[in-house]
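By written order: A, B, C and D. Residues from 1 in each chain.
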Amino acid sequence: MKLLITGFDPFGGEKTNPAIEAVKRLPAAIAGATVVPLEIPTVFGTCAEVVRQAIITERPDVVLSVGQAGGRSALTPERIAINLDDGRIPDNAGFQPVDQPIQPNGPAAYFTQLPVKAMAQAIRQAGLPSHVSTTAGTYVCNHIMYQVQHLRATEFPQLQAGFIHIPFLPEQVVQRSGVPSLSLTDDVRGLTAAIRAIVIAHAD
Amino acid sequence: MKLLITGFDPFGGEKTNPAIEAVKRLPAAIAGATVVPLEIPTVFGTCAEVVRQAIITERPDVVLSVGQAGGRSALTPERIAINLDDGRIPDNAGFQPVDQPIQPNGPAAYFTQLPVKAMAQAIRQAGLPSHVSTTAGTYVCNHIMYQVQHLRATEFPQLQAGFIHIPFLPEQVVQRSGVPSLSLTDDVRGLTAAIRAIVIAHAD
Amino acid sequence: MKLLITGFDPFGGEKTNPAIEAVKRLPAAIAGATVVPLEIPTVFGTCAEVVRQAIITERPDVVLSVGQAGGRSALTPERIAINLDDGRIPDNAGFQPVDQPIQPNGPAAYFTQLPVKAMAQAIRQAGLPSHVSTTAGTYVCNHIMYQVQHLRATEFPQLQAGFIHIPFLPEQVVQRSGVPSLSLTDDVRGLTAAIRAIVIAHAD
Amino acid sequence: MKLLITGFDPFGGEKTNPAIEAVKRLPAAIAGATVVPLEIPTVFGTCAEVVRQAIITERPDVVLSVGQAGGRSALTPERIAINLDDGRIPDNAGFQPVDQPIQPNGPAAYFTQLPVKAMAQAIRQAGLPSHVSTTAGTYVCNHIMYQVQHLRATEFPQLQAGFIHIPFLPEQVVQRSGVPSLSLTDDVRGLTAAIRAIVIAHAD
């Protein structure tokens, strides 16, 4: 079994993005499954094309995308992606879609195939806060989650895919009074637990 | 130079207390100064007696007490301790004072002698969130901070003393949606940076 | 033009529900349109049947459902409803669905037809906090929003429908430290502004 | 019995200040006691001089000062004022003290004489959120609370005095996502309940 784990590069004036930093530090194998990390650009459209090429090249069984959710205190597997781009800030290519469908002929939303409750429980059993989320927002995180589901619906029917949001790193909240954070070590530990839950569910 | 660093044991139904866990993991020397860790009980009155004995035995230049502030997202050096015990829950000996002065003849409050802004800045420079706090609450944290100041005022005039609050550990917020946490590694790193700032200020 | 405005009755141990209290206090006409209030039970399934009967009887142009979102500080028009019932607590009939589709053959989600950004802006212009939300949760609020959309898709194609969440009332947070609230007067004022925005958009 | 109730004018770029707006709307008598409202400038030093003149002129039994605590969700009677000015922003005269004692020869802190727990309970019985606070900050709110206590200690020994913080108004958080607010009507209702508790305690 092979998992492609994607992480976004920094955006919004941040110097780092916990997503790609954590993804780069994942072990090469978890519970016997191969883990392939992939950095993707924080750019609407382009990020999906990069993932599509990697799906063709790597032929993964699962795509798990990881993104930063500034302000959240827990690791939050996402249930659903919606067919909407609505950026509060421009992406890294300067593009800021407002109330645009991602796929004009696509469905309103796609549910993930991943076992989000088992993932959240596995993260909590690893001693880290986690709960299932019902919104991935309307920025690139929701975008890539929707796009990978749409690739599944149109090109790669065997694929399972999903998304998990992680908090800011402590270094990102140094100047943000009251905003929660989580360390990179804990992100890696939490993602590893979540991926193990995916592998176990896949084997059943 | 010698610093006595105190940490409370677990209370309020928690299995762990980040304070004593972090204190136990501090290096034995920071910036050339000796660090002496001391576990103290979460008990009004008794905790102060334990610290007093350690001051007599160890003759430290500085006493820094560390306590858990569940709900805070940053490490927060405290400016001031107030002459008031008012427990929301009983202490570990079952005692729950309500609106009691700590020292009936003591002043309303004591300011710390520690360089709280330099400590907060040093923690931030270590990549961790920190700001100065103006309330240590009315439970054992404020109690020990006030009591050590009162010992200074009445018995140990050379002593410098203060308090720093640290967040919950991630494992403590597993069932607490939306509550921030910080890892033990980061606590140790942050406390080390704060202690270094104390040592540097002391040398000036 | 006629609007049917639904509000849930109290649930989860609360003595009141700001939704129905606010809906009952709306003016009978807003911007020339007729406002028909409707109390609905906090019960999966049944609440939708009650709304369906009222649609048949009242033949409204718009159905706007109102619900309580404890913990939010603003009035939040919802963009989308998802095909999922997942109750953290039982409903008022004791039913607690877990990870159940609302309509087994329905789409994953429905977007609202209401002008959510104009509604949020109108509320802000009335001096009250508001922003568009992308999750109505997985309890009865999302349920009724999805069900009314499904009625639109299957029975009432002319209907426009949507949902708005409102905060706790101050009296509900008396024992909840740190939880935001909004007064009933402000709820009525905010809902009135939102309904006016709907009527204006409908006329265009 | 006579109460002087002070409220600050707007500061920090705000167009309004809930403190003075609420104070102006208080009834002229509460529980048989006379209520004298007084607008004071958000200026270190000057605000205290204005209150001192009013104490001389009005000869009140109680001075209750009211101030805005942006970010809090409840009305919070303050227990204690500390001898420290430390402004995050300049006051309305452009003065921004940093780590300055308010009274170089004054005590570290003064406790209020007002029945803060009875006040908080009375506010909650009026259906509004309230709890006792142990920090009035280090800006003009703490400043006036300390200064009035110092006037009591040095000039007006019969005086009882204290402070209560109130949240932002809804109109102030229109652009602040996630920040709680409370309506002016509720502020007036809560302050009235708190003042009634003061009058009752004074009569005992």
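Note that a residue touches a chain if its C-beta (ideal position, glycine included) is under 8 Å from a C-beta of that chain, and two chains touch if they have at least 3 such contacts.
Note that the structure is predicted; figures quoted are calculated from it, not measured.
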If we look at chain A and chain B, which chains touch each of them? none
Could the interface between the copies chain C and chain D be described as same, meaning over half of its residue numbers are common to both, or is it different? same
Centre to centre, using CA atoms, which chain is the farthest one from chain A? D
From the mean C-alpha coordinate of chain A to that of chain C, what's the distance rounded to whole Å? 30
Suppose each chain is reduced to the average of its Cα coordinates; what separation in Å results between chain B and chain C? 47
Based only on mean CA positions, could you tell me how far chain C sits from chain D in angstrom? 38
Where in chain C do residues touch at least two different other chains? none
Have a look at which chains touch which and call the overall pattern line, ring, star, complete or other. ring
Touching pairs of chains, all of them, please. A-B, A-C, B-D, C-D
For the complex, which residues does chain C have touching chain A? 79-80, 82-84, 99, 107-111, 117, 133-135, 137-138
Complex contacts: residues of chain D adjacent to chain C: 73-74, 124, 127-131, 170-171, 173-183, 185-186
